[in-house]
Amino acid sequence: MPLTISILTGSTLSIHRQIVEQVCAAVFSGRVKDDEPLPSVRALAEQLVINPNTVARAYAELAREGVLESRPGKGMFVSQRRQIYSARERARRMDQAVASLVSEGFMLGFSPDEVIEMVAAKMRHADSRKWSNPFHKGGAR
Amino acid sequence: MTSAAIEANGLTAYFGSRKVVDELTMVVPRGSVFAFLGRNGSGKTTTIRMLLGLLEPARGTSSVLGVDSKHLSDDVRARVGYMSESHSLYEWMSVRQCGEFQSRFYSRWNGRVFDSIVGHFHLDPRAKAGQLSRGERAGLSLAITLAPEPDLLILDDPAIGLDPVARRSLLESMIYVTRGADRTIFFSSHLLDDVERVADYIAILDRSVLRACCSVDTFRASVHRYAAHFGSASTIPSQLPPIRGLLHGRRSANDWLVTIAAPSNDTLESLRVLGAASVEELPVDFTDAMIGYLGDRGEHAFFLDDTAARDSFGVSV
Amino acid sequence: MTAPGIQSAAGSRVLRAIVWKEFREAAPTGVAALAIVALGWALVLMLERSLSGAGAASTAPSFSLSLFTLTSAGVGLMIGRAQVVRERRGDAWAFLTHRPVSRSTLFWGKVIVGASLYIVAAAIPLAAALWWQATPGHRPLPFDARMILPHLADLLAGLVYYFVGLVIGMREARWYASRFMPFGAAIFCTTLVLGMSTFGAALGVVAAALLIAGTAAWGSFIGGGHYAPQPRISRVALGILVSVGLAVVGVIATGILSIAWTFGRPGATDLRQTDYEIMSNGVLAQVTRMRHLLVATSTVLDVRDLAGAPLQQYRDSASKQLSLGTGVISTAAIPLNPKGQYTEYVLGHGYRRTDDIFVPLGAGAKTPSAVSWYFSRRPGLIAAYDNQSARLIGWMGPDGFSPGVSLPPHRFAGPLSPYTEIGYKQPLLAFPNAVYRLDLDQRTIRKVRTALTGETILGAASSGDSTALSVYGSPAQFDAIATTTHVYVQSTAGAPELTATRDAQAAGYGTVVVSRALRAPGTPTFLRYAPRNGTLSRTQLAIATDRFTEIGGDGVTVAQYALPRSDSTDTDNTEWAALTVAGLTTPLMERIVGLSFGHMTVPTGASTQASRAPLILSWGLTLVASLVSCLIVIGIGRRYAFDSRRLRHWAAIGIAVGPLGVLVMLALIEWPARERCPACGRERVVTREQCEHCGAPFGAPALDGTEIFEIAVVAVA
């Protein structure tokens, strides 16, 4: 099964949020492909031993964000039109991630150059297919 | 037909002159999984007995599946599955006899459900109910409660005393019940992990008074935790002034760690006027939030020596 | 809509399941019950057999209170209580009742099983015991189907205990004692069953008690052991049970108190009694004796003539003790009333006695005999049983003894007149048309009198004291026979000695005693007519006199005396303390209706002269007690905010049954807590939505700011 979600109770993240983030991560990391079906709400709920309503709400949110799409009578599928964020939102999210990276690098005692070098190295080793699969596919609004 | 599975309005109970349930008003939506929380002796079982018409309330009314609890008909009782705290069974009956006996009373008895739950808990059909382990008992109890396919399932602390495997089987069974579109589960529990997994809604009974009745998401969004940092041990107040919604306060060397329900700007302001150098919001998990309600209300000071305090709270400082 | 047939099929499926479950749970108790009853019977029969081996079994068995009365009641209670006590509370109760079946059905399922188990457990040993008794060779007694009836009544009365057991098991009572009150009611039912004279009446009592106890048990079951949720009819039934129980406890308590009061004082066990006695010299005198109850002796205090003047010759104490009635020979009291109950025992008459079936003869013998004799009423013959083999050995008819079991052709005609035998063998058997003299040792019988035309023989008694015979010769031994018109005195051989016309003023009197003063000049004979046990009405009895006829040796009536009754109530000896207690505790209703449920003797209007004061006092006290009780009941009712209808009902009960009503109210009702009203500050009952003083509702609990209530959840409603 390509999609593995693990639920952690007692976390500061609600279960609903854990599902959303793990599905997002799986989709963006390419572990689940476009058009691939996701387990049904009931199947996922029974597999994770959680309330189906929570799964349904997480799926609904993912669909709203354009990560998943619901095909009537067939279930949930990974959406091809994945660009959902406005330019501003994209910028905000990226900014958040960079800020966290910079702060972590600072705390661990790396110099700015070292951090930049490490990011560049990571970029080189990253899956080129992922980069070649532009976020803009389907067009940004 | 109303859309509420359970309604209580001003439900009040006394044991002698002691009030055990105080003006309880709540609604359990149809189709929800509703967790009823509270410490031992807070009135959960009494409330459930009143809902089922087993106990006459001193005052107030309640209804189950739209029917007054005082006049539940046979039909309504057939549609309400109830599993009591002690997992009552007739000890001398074998597992199979328990099922056969119960099945005589229900026109909607689903033998496959009974068999599958009995199988799930690995029960020997010939074993006497009185000789089952705590977990097996719970399984049998669950099997006879679920086999009539109730529209409303009321479970009074079903997980009490169960081992992790039995607990997991119980949760799976509860999730199985929600397959029926309009099925409602109303359960009480002390196992907050389980509640977090399966509940849509929670109600919290604190010493006979209902303090919360809301969806799990609302609950999580409403409870906040702050660390108020004070410059030094000399400036930190030894006591907190009354803060509206304060659930829990814990003092360490230079910090006050407070858990607050539904804080407003005023609440934060009241922390600032204490002279805190900074007030930082901390993430709060479900268990912490619940403990805030279930534990002793108000402030809680631990007078630790400096090193111990620094070790304990080093991360948040 | 389900077709009725299908519905009832489902209903019987449910009932069968309940019965199966109840049977499996109650069966061990049933087996224990059977063992207890069987053990009881085994004890009784073994004891009886060892006694009959000693040759003393010629007395009729007493059914007034047998061990079976106790064991059947005990096991009934046991089974009933066991059936509910494990399931009446908490989760077990929830598991039992939270299923699609009415509580009434569950109750009937329990009752079908419990009552059947009880009947089986009690009836099997009973049947075995009866079979054993009925089989010849086991008991030197006739056996008649009617001897089953007392046991049958006990068996059914045990069902009352079964229902009371259910009530006791179920009832969630505030007082431990109030829970057990229904048991007192069951005891009362048993005393009534024991006291009834006919089996039909006993059945009636049991049926009424079953109805009340059954209704109360049903109500307590469907009310989950509580009083308030029950239907009105079962609340009334429970009220009756509890009040009767309280009354029984009250009667027992006042009984114990009065015994303590009576015997706690010095000289309390001495009873001063004045009666008419015939002196040795043939003079009728009033003798006052002090009877010492504990040591069963008496001393003569005073001897006076009939006018009340002290008699000179009995002045000194020695003559008083020794020579009062020397040489005066009397018969036993001869019954004049064929339907009279000539017994001192209150319990055990009627269907619980074998007297209607057979009368033991010669039971007064001082030495045990090898043969037991019974006058058996149905064949009208005397049966003889060998004590050793416990078998019938022969019959005695008017023609004499015939050995073997086959009945002789001639029977005694008509009913045997009331037969009493105290302390000596009564050799005379009186029938309406003839009197026979029996010699059981010789197995002979002789007709000693035949009724003349126009008269019917009512009774006969012999003076027959063989020691007196040796001193005074044949005049000491005489037989006296009373008929509707005459009293005859004759020798034991049947030779007439005296014939007296019955005193016309003594019509309707109960007994006559014939005495002869052998030392007195002319050996006068006295007939004493006593009014008790006769057919006089209560008012007639109140003014009746003790009547004496003195007949000289020549057969001529010398004098007739009409003297104030010696056994009338002595109003000077009024126990004021007892009167006060009785006045305060006797329910007004009971006095008005004129019933007496075994309370202390309460003066009634009948005892007329000079006794107005105690009567007024005791009625006054009853009225005061009723009034005060009513006020207390109203006070309590107002405190707990009863509505006016309920208040009226309880006030009526307070008036009707007085202090008992207050106790019943306290015992029955589950009193709710009271709290200070947030609006008016006065104590209010917590079970009312609105304050009874100011009408304010109860407020929601105070908010502490931690509340998270989602409007959406609430709004779903």
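For clarity, chains are labelled A, B and C in written order, and residue numbers in each chain start from 1.
Just so it is clear, a residue touches a chain if its C-beta (ideal position, glycine included) is under 8 Å from a C-beta of that chain, and two chains touch if they have at least 3 such contacts.
Since this is a predicted model, take the numbers as computed values, not measurements.
> Given the touch definition stated above, what is the smallest step count connecting chain A to chain C?
2
> Of the chain pairs B-C and A-B, which one is connected by the greater count of C-beta contacts?
Answer to which pair has more contacts is B-C.
> Using mean CA coordinates as chain centres, what's the gap between chain A and chain C in Å?
The computed centroid separation for chain A versus chain C comes out at 93 Å.
> Would you kindly tell me how far, in whole Å, the mean C-alpha position of chain C lies from that of chain B?
62
> Which whole number of Å gives the spacing of the CA centres of chain A and chain B?
Once rounded, the distance between the two centres reads 33 Å.
> Show me the residue ranges of chain A that touch chain B in the complex, using the header's touch definition.
Touching chain B: residues 7, 9-12, 14-16, 42, 45-46, 49-54 of chain A.
> Touching chain B in the complex: which residues of chain C?
10, 13-14, 16-17, 20-21, 24-25, 90-95, 97-102, 224, 226, 228-229, 672-674, 686-689, 698-701, 704-710, 712-714, 716-717
> Hey, which residues of chain B end up touching chain C in the complex?
Counting only chain B, the residues touching chain C are 2-4, 7, 10, 12, 14, 16-19, 22-23, 25-27, 29, 49, 52, 54-56, 58-60, 74-75, 77-78, 80, 82, 84-86, 88-90, 92, 101-102, 104-107, 201, 209, 211-215, 218-219, 222-223, 244-247, 261-262, 293, 297.
> Write out the stretch or stretches of chain B touching chain A in their complex.
It is residues 32-33, 168, 171-172, 175-176, 178-179, 192-193, 196-200, 216-217, 220, 283-287 of chain B that touch chain A.
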